[in-house]
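The data blocks that follow each hold one structure.
The same chain A turns up in both complexes below, where it pairs with chain B and then with chain C.
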Partner chain A sequence: MITYLYAVGRDLGTLPDVGSGGVGGGELRLVAEAGLQAVVSDVEREAFEDLDAQQEDLTWLAAVARAHHGVVEAVGREHAIAPLALATVYLDDDRVRSVLRESREGFTAVLDRITGRDEWGVKAYMRPSGASGGSGSAAERPASGAAYLRARRTALREGDAAVTEAERAADEVDAALAAIAIESRRHPPQDRSLTGRTERMVLNGAYLVDRASAEDLRALVDRLAEGTRLDLELTGPWVPYSFAGGGA
Partner chain B sequence: MTVEHRETSLFGDREVALVDLLDRLLAGGVVLTGDLTISLAGVDLVRVSLRALITSISPAEPTVPLAVPSERVGDG
Partner chain C sequence: MNEPVRWTGSMPAANGRQGPETVRQPGGTDLADILERVLDKGIVIAGDIQINLLDIELLTIKLRLVVASVDRAKEMGIDWWERDPTLSSGRGELEEENERLRERIAALEEAQSTRAPARRRRRPAAQEEEA
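Coming up: the complex of A and B.
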């Protein structure tokens, strides 16, 4: 067995009940050192030794991701915690203790930054260009190959312009949200095949917001949605995964 | 204009979309060097391949909810 590290906090006290346990169903426990506590559980070493192979098993990856998230969220509901990157494992608890000692300042900086704050996600999608009318009806069928090519070229140009315009609008939405956030970050827009939506995603933003400002954020998103041609989607609150990086 | 709002289970009990979760899990979190060297270099591949996973799990499957019930908080 090796030790899987989920998150690090201060004054975590007792662990909340996480019904399904940790990754692989392991029981959660705390490893304390240097004024910090690490939330850990035992996992089978074999499962993590050849992770490249495991990654191809997406069902396994999804199960680890969900278990990791389940733990981070259950603990994060009650305490400020710095979540670790997915699948951070150590040979034993002593190694975790030494990591807590070595990275104490980094963890402290991350915890200071995220305490009392939540992450919110705002995604923006281009709206389908409903105004441009249907295609393929007999009446619109071009009379010649040249006419077809001309029409196609125009359509592509208009499409490009629409994307450029949507990206500009997304930048504005992002800037407005960033203005009330402590920090902001843009994840790459998700591919259409993953979102299951036909509309192109033009913003996949993450915003670290004071808990006291959560209502302001919601109101701002509503207001922005009124003033833009993009469809906005708000997710959250999240444990501040996107703002815990680069710290320790 | 519409805003869809998906609650994560931090203060509600709704499931989060796996793809949103992986954005954060794969690009966020404190990065430490673990004892077993784990390369997440294949991340982009994983993202793209996720479609296979997402479609392979029926939306009716209750134990692995990937679709998030969405709540409209604004309409216009």
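Coming up: the complex of A and C.
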């Protein structure tokens, strides 16, 4: 058995009941050192020994991702915690203790930054209606090849203009949200195959917001949604994953 | 008309936090969000066992494909495969989605094989925090 590290906190009294436990059903424990506590559970060493091969076992990896998130979410609901990236494992608890000692300042800086705050996600999608995206040109058969090309060029140009316009609108939405956030990050827009939506995503922002300002954020998103031609989607509150790592 | 803002909750309400009105996307957008975060965000610190997750986007999409199928199967009940596929709603949609995901995977794999597979992961500790 080896030790899987989920998150680090500094005021974790008792662990909440996380129904199904940790990765692989393991029981959650706290490992304390240097004024910090690590949320851990035991996992089978073999499973992580060769994760490159395991990548192909996607069902397994998906279960690990879900379990990881489940633990972070359950603990993070009650305490400020700095979540670790997926599949951070150590040979034993002593190794976890030495990591807590060695990286104490880094963990403390993250915890200082996120305590009392939540991460919110705001995504913006282009509305499908405006431009046809250059695909609906079959309505009327063009009289000639040249006419077809002309129509096609116009459609593409209009589509490009619509994207540019949508991206500009997304910048405005992002700027307005960033103004009431402590920090903000723009993640790359997700691919259509990931969102399952046909509309193009033009904003995938994460905002670190004081818990007391959560209502302000919601109200702002509502207001922005009325004043823009983008579809806005708000998610959260999240444990501040996006603000726990280093650079954006 | 539907509302311009869609709430996709991640956390149930608890402990003074106000939970979002949760509307689950049928396609599982929230899952994509979860994967995006647990795979690529959070503190990246060296573990004792080196793990190379080469292409996060590729991996995320692959995972999403698997989980979407499992979720859909669950939603439809354990006997979904016994039903006439043309009668069970959502199946065509799922197949379409899977098709899209497969195409995307193929494209990403193509791209990956032509570029050097050197990608980040396991940078040293949280010290990159300082600055």
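Everything that follows uses one rule, which is that the second predicted complex is superposed on the first by the 236 of 248 C-alpha atoms of A that agree within 3 Å, B and C clash if a C-alpha of one lies under 4 Å from a C-alpha of the other, contacts with A are read in each partner's own complex, and residues count from 1 in each chain.
By definition in this document, a residue touches a chain if its C-beta (ideal position, glycine included) is under 8 Å from a C-beta of that chain, and two chains touch if they have at least 3 such contacts.
Here the structure is a predicted model, which means the values were calculated and not measured.
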Partners on chain A (chain B, chain C) - clash or fit: clash
Partner chain(s) touched by A:86 [first = chain B, second = chain C, both, neither]: both
Contacts of A:211 with chain B and chain C, given as first, second, both or neither: second
First, second, both or neither for A:78, with chain B first and chain C second: second
Touched partner set for A:186, first chain B, second chain C, both or neither: neither
Partner chain(s) touched by A:2 [first = chain B, second = chain C, both, neither]: both
First (chain B), second (chain C), both or neither touched by A:97: neither
Which of chain B and chain C A:237 touches, first, second, both or neither: both
Residues on chain A lying within both footprints (that of chain B and that of chain C): 2, 5, 8, 48-49, 51-52, 55, 58-59, 61-62, 65-66, 68-69, 73, 76-77, 82-91, 95, 99, 103, 106-107, 110, 118, 121, 187, 190-191, 193-196, 221-222, 225-226, 231-238, 241-242, 244-247
Chain A partner contacts - residues on chain B that touch it in the complex: 1-11, 16-32, 34-36, 38-40, 42, 46-54, 64, 70, 73-74, 76
Interface residues, chain C side, partner chain A - complex: 4-12, 14-18, 20, 25, 27-30, 32-45, 47-49, 51-53, 57, 59-68, 70, 97, 100-101, 103-104, 123, 125-130
Touching residues on chain A, where the partner in the complex is chain C: 2, 5, 8, 48-49, 51-52, 55, 58-59, 61-62, 65-66, 68-69, 72-73, 76-78, 82-91, 95, 99, 102-103, 105-107, 109-110, 118, 121, 187, 190-197, 211, 214-215, 221-222, 225-226, 231-238, 241-242, 244-247
Interface residues, chain A side, partner chain B - complex: 2, 5, 8, 45, 48-49, 51-52, 55, 58-59, 61-62, 65-66, 68-69, 73, 76-77, 82-91, 95, 99, 103, 106-107, 110, 118-119, 121, 187, 190-191, 193-196, 204, 206, 218, 221-222, 225-248
